[in-house]
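Look at the two complexes coming up: chain A is in both, with chain B in one and chain C in the other.
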Partner chain A sequence: MSSKKYVISFPHIGNYYVPVYNLLSKLIDKDTTKILVPDKMSKNTIDIGSKFSPEYICVPFKYNMGNFIESLNKGANVLIQAGGGCRYGYYAEIQEQILRDMGYDFKYITLLDPEGVNIKKVYGRFKKINEKLKFKDFALHFIFAIKAINILDKFETYIRENIVFEKNKGELEKIHKNFLEELKYINSYKELYEFKNKYFNLAKNAVKNDKSDVIKIGIVGELYTSMEPFSSMFLEKELSQMGCFVKRYTTVTYLLFEKGRAQKGHLKNAKDYVCHSLGADGLESVSHTLELVNNGYDGIIHIKPFGCTPEINAMPILQKISREKNIPIIYFTFDSQTSEAGIKTRLEAFLDMMVMRKEKIKKNRREVYG
Partner chain B sequence: MDKYYIGIDIGSISTKAVIIDDDKNIVVSDYIWTCGSPIEATKKVITNLDNKLKEKNIIPKIYGVGTTGSARNLVGNVVGANIIKNEITAHAIGTLSRYPDVRTILEIGGQDSKIIILNQGIVVDYAMNTLCAAGTGAFLSSQAKRLGIDIENMGDIALTSKSPSKIAARCTVFAESDLVHKAQIGHKKEDLIAGLCNSVVKNYLNNLSRGKKIEDKVVFQGGVSKNKGVVKAFENELNKKIYVDENSHLMGALGIAILSKEANKEEKEIDFDFNIKDVAFKTVGVECSGCSNNCEIIYIYKNNKVIDKIGGRCEKSNLLQNKVANI
Partner chain C sequence: MKIGIPKALCYFEYAEMFKCFFKELGIEVVLSNDTDKKMLQNGIYASIDEECLASKIFLGHVKDLISRKESENIDYIVIPRLCTFKNNQTMCVKFYALYDICCNIFDSKFLILNVDYNKGENELKAFINLGKKLNKGSYETTISYFKAKRMQKNYEIDKLNNQLKKLNESKNLKILIVAHSYVYNDKYLGFTIKDYFEKLGVDIFYADINSSIYKNEEMKMRYKNISKSIYWKQNIKLLNGVCEYLDKVDGIIYFSVFPCGTDSLVNELCIRKVKNVPSMNIILDEEDGMAGIYTRLESFTDILEKVKK
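And then the complex of A and B:
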């Protein structure tokens, strides 16, 4: 147990705990408050989370619950939850109720209101745990955090798309690890840009120049399973190890700052298939799939938690695209199960299928052009 | 001396093995129950193959060994396979070698079922049942037991039915209560059995072929394809001719044997021991505690020496080996 008055914690998603830690460390009053990064995702997280969640809720809820309970047991008493456009929007209220019913006592801060991020309201909530916090500082730190998240997203995208071309196996992973460790304690824009340049250079030097023919795969679908590797059984890592180039659109930067503006473009892009939003990221899944098809990707993986309605809306449309555009799409549904065998079998078969297709296309070309 | 290739398909219910010659013809084959012990089943199946070869006076030179099916990694390590591949690819390759113009492969096995869509000899789409074993061989055999008939006779009995009972297809729990109810109000046994076959087919089509176009030529395989009642139900439901190969239960093993031939590009002979039944294999499962992933790692021992491990996401699991070696 900590001697501080407030111990603040939040749920995991990917590596975003790093910029969140960075931001929180500036918002809190260090004399009274301590940040508790939740335990790394583990089987225990999902076991304990499932135990105290409704059986039919989508799986991100269960992971969040697991993170919260693990943190509460370690002494956390302030919890932060975001929110979103689907069931995610009411996670916060239900989780708070369940945790209170379980007998925990804590303060609860939600970041997103139904209308989006309302920075004034969020400020009000943080002020409750740090009376000295001024709005101007709060806003500046918030903007800085956004920049940090942006750089994290850019860097992770670079890693994702280049790890298959790395010179020595494991090098990028090491660089990535150091990157995350250092990002936690960056304080100024100057430091941030120097940091960014340093790591991009390191990463670029670790990558081969020859980016020869590889299988290119795009991942579309629900945001949590896209961004939290534990919940998708490290699907992206598995794909890179099998020698694939992996592209994924969904990042926090995208969700918070690009998605809103992109909506119209998506509708236009997907106009042959959809004429209105499908809820949450359903429309994006369709539009991004079309984009991947046009950019010559070999295959697409669609992922979602069990029962994710927006993505279920998108699926029949994706099936139609798959038929009409002649592109292989495979669908994965994740829940609290942790057996990887089924996923590996399907992924392996999916890759075999694409390799065979590619060889066939090459052969046909040779026959045509002699 | 001719070259031969071994393909072993170790499913959850049955283990299938074939030996093919250089022209992809099946020379000998065997089919036994796995009984929950893939290594023992493999030993037995290899011994059986060996005996069958001896009957034919063939002393084979083995140029490839492949494993597929849910225990492919374990058995692949045990027998020293030169290729280990998933069952979807293996089935497609096996069937293509017999029906080059196949467009749809329907496969129903003991615990799983799949559909594979091909175009010009290339797999373009597939699906595999996920959470539920409804509409698979396990369900049919449990219901055959309930009705007191041999699973082998089920197809023939189904064909004698003139008006199959309607049995729910969504879920085996519903199907079972439907079946019990209809039996108790006096439906004939053959009608019930034909109804069961129909419900398996409907369940399969609902679960797997969603959004997929089933086109000729359609080939049906896996253990359940031996059931003529299910074949007929597919024909009625799809309104297409269904091809069932005489070796329809061996297509996965055949496919992996062909793949092992293709994988052996240098055409070197493989050191394969038919006397595998005398070798002691042991597996030890350990939970790695290197980090919070708690990977489950299986070590495979041959005559008390570690020959391989399965599982583990990072190099930490290698460190564990020294600890385990002393067990």
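And then the complex of A and C:
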């Protein structure tokens, strides 16, 4: 246990703990406060999380709880929760109540209100921890963090889409690891841009120029399972190891800044199937699926946690698209007890099907054109 | 002209209103039959296996109307799409998509009643738009809307007065049922339980029917005692009811259907916060063996009786 007055912790989602760590390290008063990055996701996280969660709540709640309990046991006493739409916005209150009932004592900070981000309110909440914090500094650091997240998203998208084409196996992964390690301690915009150029060049050099024919797969679905690899049993990694090109839309940058503007476009894009929002990311799933179909992807994977209503809303519509546009879509539901072997078997069978389908299409084309 | 309304989900919130509104416009209304086993099976067949039981039943009702379309000359089926309301209140996201889901899985003519305050579609506008699609002028529909609204209000006040009267006179064991209107009003889900309690000689009251229908800020804001950040309209109403009846009942039963998104969180919080009244959480699923539930209800009443003595 540390002797500091405040120990801040937050739940994991993908690799976003890095920019969050970067931001928090600037917002806090170093004399009184310490940041505790929660333990890496493990079987224990989800076991302990689901033990103390309501029975049929969606799985992100359970992971968050697991992260919080592990951090609290290590001495954390300030917890940060993001919040958002659908059920996310209401997580905070329940989690706080459950943790208090368990006998923990802590402060609780939520970033997003159901209505959206209110930077003044968030500032007020941070002010309680660090009284010296000025609004100007807070806003500047916040904007810097957004830029860092943006770069992280761009870099990870690049890695995801090019890891199949890397020259030596494992090289991009190594670069990615160094990237995350370095991003934690970057302080100025100049450093940030130099850092960005350096790593993009490194990554580009590690990738083959010849981008030959591979199976192209798009991933659509709920945000948490999309962004947190542990909760989707490392689905993306598995796919790239099987030699697939993977495309995914959902990132934090997309959710915070592009989603609102894109809504109208999505409605227009999906107008043959949907005329209204389906709640949370349901409409986006439909629209992105159509986009992937038009771009000639070989197959689509739809992922969601158990009981995710918006994505269940999108499913009958996706099934119709699958029938009408003749595109294979596989649906994965993740819960606290999903076994990796089951997912892998289904994934392999799905891939085999797509390879056969692709060959058949090629053969047909050859016959047509002689 | 004839329109069909599925008797499930949001129907129960607007029951009297629909009846009166369409009567005023001179449109005949056909309701779907009461839920039975076959209808549930049809609904399950039409829906994704992870959907909540209430929405499976809803699809069963829509299917029932579609099967009667030819024989009874039903022109349209009305599907309400309730999203956002005043004061940042919203419905469960299931309601957002009902219309689009029905359009995609069934081959029939549907009409939408789209209430979405955040997008500028208030209730009146929604009804006017619905009227336009039925070839009725906006003046005519506006008048019918206000008449219907008044009818609905009177009906709700009657229901509330009856319940309060029963509560004051009752000498039996009193149990508060915290359940959505589409759960306790459904013949298949709620009525079996209601009948069973009648047999046991227990008086039941519904949290859904409470004084928050009046224009009274204090009564509308009671839910804040339990939850501060809640934004689901129906659950707010239920929490208001819990706060109102809390001191007057012997026990609380939380009824929800599997896997209800909003109840999974709100009921958990409610159970944790309301501690001085014995409570029980019952989750209904599509397996229809009622023996297990009856046993739990009976033992719960036995315990309450002992506590009372």
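FYI, the second predicted complex is superposed on the first by the 369 of 370 C-alpha atoms of A that agree within 3 Å, B and C clash if a C-alpha of one lies under 4 Å from a C-alpha of the other, contacts with A are read in each partner's own complex, and residues count from 1 in each chain.
Definition applied: contacts are C-beta pairs under 8 Å (C-beta built on N, C-alpha and C of every residue); 3 or more make two chains touch, one makes a residue touch a chain.
This is a predicted model, so every value here is computed, not measured.
> With both complexes superposed on chain A, which partner does A:367 reach: first (chain B), second (chain C), both or neither?
neither
> Quick one: is A:42 in contact with chain B, with chain C, with both, or with neither? Answer first, second, both or neither.
first
> Pick one for A:105: touches chain B only (first), chain C only (second), both, or neither.
neither
> By the touch definition at the top of the document, which applies to A:345: first (chain B), second (chain C), both, or neither?
Touch status of A:345: first partner only.
> In the overlay, answer first, second, both or neither for which of chain B and chain C A:356 touches.
In the superposition, A:356 touches chain B alone.
> In the overlay, answer first, second, both or neither for which of chain B and chain C A:276 touches.
The second partner, chain C, only.
> Looking only at chain A, is it chain B or chain C that touches more of its residues?
C
> Does the superposition put A:56 against chain B (first), chain C (second), both, or neither?
In the superposition, A:56 touches chain C alone.
> Touching A:31 in the superposition: chain B (first), chain C (second), both, neither?
In the superposition, A:31 contacts neither chain B nor chain C.
> With both complexes overlaid on chain A, does A:316 touch chain B (first), chain C (second), both or neither?
Once the two structures are laid over each other on A, A:316 reaches both partners.
> Common interface residues of chain A with chain B and chain C?
Chain A residues touching both partners: 316, 320, 333.
> Taking the complex as given, what residues does chain C use to touch chain A?
Going by the criterion above, the answer is residues 47-48, 50-52, 81, 83, 88, 92-94, 96-97, 99-101, 103-105, 114, 227-232, 258-262, 264-269, 272-273, 283.
> Can you list the residues on chain A that touch chain B in the complex?
It is residues 39-44, 234, 237, 316, 319-320, 322-323, 326, 328, 333, 341-342, 344-346, 348-349, 352-353, 356-357, 360 of chain A that touch chain B.
> Once bound in the complex, which stretches of chain A touch chain C?
Result: residues 54-58, 86-87, 89-94, 97-98, 101, 114-115, 273-280, 282, 306-307, 309-310, 312-317, 320, 333 of chain A touch chain C.
> Which positions of chain B touch chain A when the two form their complex?
For this pair, the touching residues of chain B are 70, 85-89, 120-126, 128, 130, 210-213, 291-294, 313.
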